[in-house]
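In what follows, a structure is listed as structure tokens, so that the remarks can point back to it.
Chain lettering (A, B, C, D, E and F) follows the sequence in which the chains are written, and residue indices restart at 1 in each chain.
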Amino acid sequence: MPCVNIRITREGATPEQKAELIAGVTDLLRRVLARNPATTVVTIDEVDCENWGIGGLPVLDYRAAQAAKAPAMKEPRR
Amino acid sequence: MPCVNIRITREGATPEQKAELIAGVTDLLRRVLARNPATTVVTIDEVDCENWGIGGLPVLDYRAAQAAKAPAMKEPRR
Amino acid sequence: MPCVNIRITREGATPEQKAELIAGVTDLLRRVLARNPATTVVTIDEVDCENWGIGGLPVLDYRAAQAAKAPAMKEPRR
Amino acid sequence: MPCVNIRITREGATPEQKAELIAGVTDLLRRVLARNPATTVVTIDEVDCENWGIGGLPVLDYRAAQAAKAPAMKEPRR
Amino acid sequence: MPCVNIRITREGATPEQKAELIAGVTDLLRRVLARNPATTVVTIDEVDCENWGIGGLPVLDYRAAQAAKAPAMKEPRR
Amino acid sequence: MPCVNIRITREGATPEQKAELIAGVTDLLRRVLARNPATTVVTIDEVDCENWGIGGLPVLDYRAAQAAKAPAMKEPRR
């Protein structure tokens, strides 16, 4: 009967992707620790980007700073 | 000075019901553990149904699957 | 299928008191919001006093400061 | 690589204020515990006032009750 | 840069099993949402059984009650 | 009346350092958002290293892997 909380930046995860996360984490806990899927709860918190900080900066500022340092990198990692 | 977090699916809990939860949990901690109501904090997180998983499925899919198994059950439990 | 987390300072709550909290919160959610007790999860986090701050101070220092201000109060509130 | 979660009532914190919180907490962990800012994550949860309880009441009711007791206090503390 | 928290009852999960959970969740977020493994944080909270409630009961009492109802079931599900 | 949770790896933070974190976060919220220190709660969760993952690995394995890549770095960052 585990409880899992997944916090991600709110950037357009689809219902299908969320369903994949729920299925994947539940199955992982069944396989690794034999926990019962029927009572495994998974919640996903989508946090607005201005409310998420990394490296001392709001995440969009952080990515801009990273991109400025490494201009060849096509797309910032989330 | 306890901190309580109540996570529920977002399904129309009213301000009155939330006030009842806040009063009820605060009183429970006072009665059982003599904790001071003045510094008991209660937060309620309402989580969108597509962000809540149980049994490896998003909760609405889970309820639909349960209802399909037990068609006589009038209303699914939340 | 709510998830409730109760955080308290670690100060000797007994298994019986914890069972009372679990029963009380689960029943509250059933009464107020008709949530299913069978899938209501309650976890209790007991936090060491040196890891709990209130009023800008670790909780034991805070209580000492409150007691110094109000020497007549026999026992500090938790 | 600490993870910090700041929960506040949703009452109009600006992006600039949030950036100050993120920078301040990250710097605090670097100064006090030498934790690496590059992997310090800070999330801010803004909780609707009707979902925040203190003293057994939703926070706005609590403030109204406090103001009624101490009518001279110009503005309630958040 | 997701943050994942996995809460389970404390029942002897080994370091190897924990490493599998960490690797599995991190990989799941990379596959489903293209999140960067380098900044994915996973924490595992092992909660003492007397601090975990389900069905209104501490988890060991809950399992005993379930076993009494279904005596043929060899081993309770966690 | 904010609630702040600071999660760090359990690596010997002293009571004095924890008191500094509590004072620092409480003061930050007072300065930036005018939140009342008297009702600001700060909790510190110290998580065993085997229960903390980053980059898909338990944190000690992660640091060992980083050190192997950059052998000149005297001391790994936490």
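Just so we're on the same page, a residue touches a chain if its C-beta (ideal position, glycine included) is under 8 Å from a C-beta of that chain, and two chains touch if they have at least 3 such contacts.
For clarity, every value in this text was computed on a predicted model and none was experimentally measured.
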Shared chain contacts [subunit C and subunit E, defined touch]: A, F
Common touching chains of subunit E and subunit D: A, F
Copy-to-copy rotation for subunit B and subunit C - C-alpha atoms, rounded to a multiple of 5°: 180
Of all other chains, the one whose Cα centre sits farthest from subunit C: A
Same or different residue numbers at the subunit E/subunit F copy interface, by half rule: different
Chain whose mean Cα position lies farthest from subunit B: F
Winner on C-beta contact pairs when D-F is weighed against A-D: D-F
Separation of mean Cα positions, subunit E and subunit B [Å, integer]: 20
Euclidean distance of C-alpha centroids - subunit B vs subunit D, Å: 23
For subunit E, residues contacting two or more additional chains: 1, 3, 7, 21, 25, 38-39, 41, 43, 52, 54
Touching pairs - complete list by chain label: A-B, A-C, A-D, A-E, B-C, B-D, B-F, C-E, C-F, D-E, D-F, E-F
Subunit F partner contacts - residues on subunit E that touch it in the complex: 15, 18-19, 21-23, 25-27, 37-46
Of all residues in subunit E, those that touch subunit D in their complex: 1, 3, 39, 41, 43
Residues of subunit A defined as touching subunit E within the complex: 1-9, 13, 17, 20-21, 24-25, 28-29, 32-36, 38-39, 52, 54, 59, 77-78
Touch list for subunit B against partner subunit A, complex: 7, 47, 50-58, 61
